[in-house]
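Below: a set of structures, written as structure tokens.
The two complexes that follow have chain A in common; it is paired with chain B in the first and with chain C in the second.
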Partner chain A sequence: MANVSLINLKKQFDKSVAVADFSLEIEDGELVTFLGPSGCGKTTTLRMIAGFVAPTQGKVLIGGEDVTQVPPYKRNTGMVFQRYALFPHMTVSENIAFGLEMHKVPRAELEQRVKAALDMVQMTGFKDRYPRQLSGGQQQRVAIARALAIQPKVFLLDEPLSNLDAKLRQEVREEIRSLQQALGLTTVFVTHDQEEALAICDRMVIMHEGIVQQVGKPNDLYERPANLFVADFLGKMNFFKGRPRDHQTFMTDTGITFVAPDLMPATHCVGVRPERMSLSIQPQLENSIQAVVAVVAYLGPSIEVTLKAPGDQTILCHLPNTSAIDTQSLQTGAKVFVNYLARDGVLFSD
Partner chain B sequence: MQVSKVMLRLFVVLIYGVMLCPLFFVVWLSFFKDAILYFPPSGYSLEWYANAWAHRSFAQGFVFSLQVAICASLVGVMVGVAAAIGIIRHPFKGKQAINTLLLSPLLMPGIVAGIAIYIFYIQAENLLDRDIVGTMTSLVLAHVCLTIPWTVRMVSASLHGIDPLIEEAARNLGASSMKVFWRVTLPLLRPAMVAAVLFSFIVSFENLEVSLSLVAPGSTTLPIAVMQYLEFNLDPTIAAVATVQIILLGSIMLITDRFIKLSQVV
Partner chain C sequence: MTSSFASHGSKKALGASLAFPASLIVFVIIVVPMFLVAKYSLNQFVPGQVMKAVFSLSNYVNFFTDPYYRKVFFSTLQVAAICTFLSLILGFPVAYFLAKTQASYKSLLIILLVFPLMVGNVVRAAGWMVVLGNAGAVNALLHWLGLIDQPLKLLYTPFAVVVGTTAVVLPYMILTLQSVLEGIDFSVEEAAQNLGANMFTTLRRVVFPLIAPGVAAGTMLVFILCMNAYATPVLLGGSGITMMAPSIYGQISRASNWPMGSAMAMILLMTSLLISLFANWLIHRRYQKTMVS
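Right, the complex of A and B next:
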């Protein structure tokens, strides 16, 4: 295992910049997710670590060694792809043995390591099958075993769960995480699924249009998003645009005033997560905004209420689905108060 | 519903009838007793097969055609694989132009191509001061040109269906470009390559127009031997030769199909 340093990485395809000035230190044994919408440069960055894409500028260091000019087959990274990419003409064991043969592992050791890799992903019973005889989840397990059998310095996963159905996705995700922790693998996990990214990682990188928006622990990013993009991309957030009236009060462009701590002159937006809001007939908490219920959507664990506040401000509110919930008053057109604590407001400045 | 189904069946039968009719008649004629064809035959015999066997130019032509076709199809498939990998896997300027160029032998009348190649060879002979026209190598090379459109097309189609990620995965696992080619790409292309060899073999084996201007006296291909025979004879010997050829090529295809499903490749 090894740490990975990305230093001022840049990739330009013709005139479009895919990745602009990406720097990151990934510690030994750490799992970092790259999250962003498609085309944000996350896969390109991963491919630069693997060596499939040559950076226009910058360096890739694996274990302190500069590998920027090293071809992919000499980098010793283990990669798992979205479309599995198993060798269709080889059995499961042959697929896993391939990397070991390329690394000239002696026969006896090779067989042992293939067996160990199969055990690791619980695919021993399938060792003589061909990829086409396996389900998607099984194929991806084999791909994981194949990548890990070579004992790579870095484990790279490019949207490995995107082709699996929801239930399997969580199952394989948990397996990847427990394998990664058990083996202490330095791992980069690329995904566009925010829940997946949050659940699996130690730290995450949020990217947009080739630019790193924020790097940090999941709760840091969720609770204290650095900008509107991160706030909006990671979960949902109500944005109140406006300007501070004084140190304590904020007034939206639509004319709503509420309390927010530590306002600065440059603050132009206050964001509040929908699940930090509650509804009531009478005003409660420090901040209460009068609004009219527009849409009520039953989501199972929670109820999503869309409200209209004065000045056409839309407010989204997630109520936990407890037995105490009063569905009677949650009718379209009902006049209610949206309440939240001042400290739950996230401030955005220029 | 019923009527349309019957109509469809009839139509299918008709199409197959049209396709198989010449084959059927060639085979049937080869057993006619009479030297001059007329219906109905006065009887059946195997004497034309004996006659074909006795006529040494057929046997020699057959062996020569076989040699040329084997060489041309093997060389052709190698060129085809190389060209297909270049065109499909490596984007470059003028790729479409080269792709079209490689298909051009299909567009040119065989007789014109044959004469053009002949003139080219003569020029080359003058320049290099050595025999080119009439050698087997020169004929094989000409046939390779004919087979290229087939091999490039078939291998390209197959390569198109191979996910580049599979080759990438191999590189990631420590395989150099050569290793990726030998261990991953080539095995995956094998069905297409076998089909390409088979098609090239047939294209080369039955070619008349191009070979016509390139063979030397004494070493002719089977189709030329057949044509020469036809100039002076009109008996069913030719039908017997054709029947043998049909059976030979048909069995090669059937045997190949047992190992590689040609219908999936072509």
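Right, the complex of A and C next:
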């Protein structure tokens, strides 16, 4: 395995900029997810690492070696494609052996490595099947085994779970993570699913319109989003637009005042995660907003309450579904207070 | 349940009734004449009369024992094989490019490709005559460059027939190959490269096996078109080379030898059919694994 350095990567297709000035250091054995809506440039960046897309500017270094001009077949990256991309005319073991043959691995060692790769993804019983005889999850396991059998320097996954159903998605995701950790694989995982990205990674990169929005550990990004895009893309957030009145109080455009520490003159928005809000009949905590219950949605583990505050401000509140919850008073039209701790307010001043 | 069965049945009946007019036309204008040709081919030629209805294989025996006819037969096979091979070699890169390109002018390129098909073979052959003739473009160019003193004989040679026929069948080959190539998921190529295969190995190990059945179909189509070519060999081959279709026309129209002409037509038909069936069987055996049902 090796570390990967992306230095000022840029990709332009005709006039549209797919990736603008992307720099990142991926450490040896680290799993980094690229997250963003479709068309944000995450797949293009992955393909630049694999060598399928030539950067307009910038460099790709794998293990300290500049591979920007190296063709894909000499880069020794192991890629898993969104639609598996197994060779339909080869059996499972032939698929896995292909890369080893390309790397001129001697016959005896090849067979042993194919077997090891099959064992690794628990597909030994399927070695003589053709891809079309396998389910989606099994095909994806074979694709993973095929990519890893060549012992790549970097493991690349392009939305590998998007064609699997929800339950299987989680299962395969956990398998990928434990394999990655057991083998110490330097991994880049591209996804548009924020929960998937949060759950699997060491660090994540959030992209939007070709520009890196924020890089960091999942909890950093979730708790301290750098801007409104990150805050909104990674989970849900209530935004209160306004301006600071002094360095302790924030006044929203709708006329509500909040206590907020560390206010800066440029702060124009306070964001609060729905699960950091509580409801009560009397005002509680440092910040309370009077509101009217509009919609109550039962989500299972939590209850999502949509409220209307004065000034047509919509507030979303997630209540944990405990037996203590008073569903009786949660009726549409009920007048309640929405409360949150001042330290749970995220300040935006970009 | 009952209603679904009923609707299934009526759908079938509807399908059959829709297919009926076309089937009738095919039967009347193709199957019936073909039976007549088969029947005539067993008749005997009597000069002065059209033919005498007997049951004899003498026309077939004549065909394969007479060196002249054998030469016609084998040069037809040869020209068809060469043209098919050339169109495969020349057509593949074009088809590959067309299948892969995301360019906005892709449909324009395909229209350009189909364009020659809108011009009749005779007109196109006339074009080649202008190009290949003694005073034609090629000779004029070579003369101007000082490479030749006397014009090269290009027209009325097998070479001219090969060039002209290849030009006729090339669009068919490209369109067939392109549709086959469009059918494969290009990410398998990327997967192969990612696993260490260069461009050539990727084509050989991944792309070719996947497209082989389709390529075989395209090759067969083109081969049969070449075998049965008429206008191009007549106009560009002249007396320099005789192929089956012009020869059949000569038998029937000029020599008035309907039985021999019919026998030759049957031989041409059977040869095309046998070669296609054989190739099909071969491909199915070789690439059975590839066939994704």
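Convention: the second predicted complex is superposed on the first by the 350 of 350 C-alpha atoms of A that agree within 3 Å, B and C clash if a C-alpha of one lies under 4 Å from a C-alpha of the other, contacts with A are read in each partner's own complex, and residues count from 1 in each chain.
Note that contacts are C-beta pairs under 8 Å (C-beta built on N, C-alpha and C of every residue); 3 or more make two chains touch, one makes a residue touch a chain.
The structure displayed is predicted, hence computed values, not measured ones.
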Chain C versus chain B on the shared chain A, clash or fit after superposition: clash
Touching partner for A:R132 - first (chain B), second (chain C), both, neither: second
Contacts of A:Y73 with chain B and chain C, given as first, second, both or neither: both
Contacts of A:F98 with chain B and chain C, given as first, second, both or neither: both
Partner chain in contact with A:K167 - chain B first, chain C second, else both or neither: neither
Contact residues of chain A, present in both the chain B and the chain C interface: 50, 52, 71-74, 76-79, 81, 83, 85-89, 98-99, 102-103, 146-147, 150
Complex interface listing, chain A residues touching chain C: 50-52, 71-74, 76-79, 81-83, 85-90, 98-99, 102-103, 130, 132, 146-147, 150
Sites on chain A touched by chain B in the complex: 50, 52, 71-74, 76-79, 81, 83, 85-89, 98-99, 102-103, 143, 146-147, 150
Partner chain A, residues of chain C touching it in the complex: 185, 187-188, 190-198, 201, 205-206, 209-210, 287, 289-290, 292-293
Touching residues (chain side chain B, partner chain A) in the complex: 163, 165-166, 168-176, 179, 183-184, 187-188
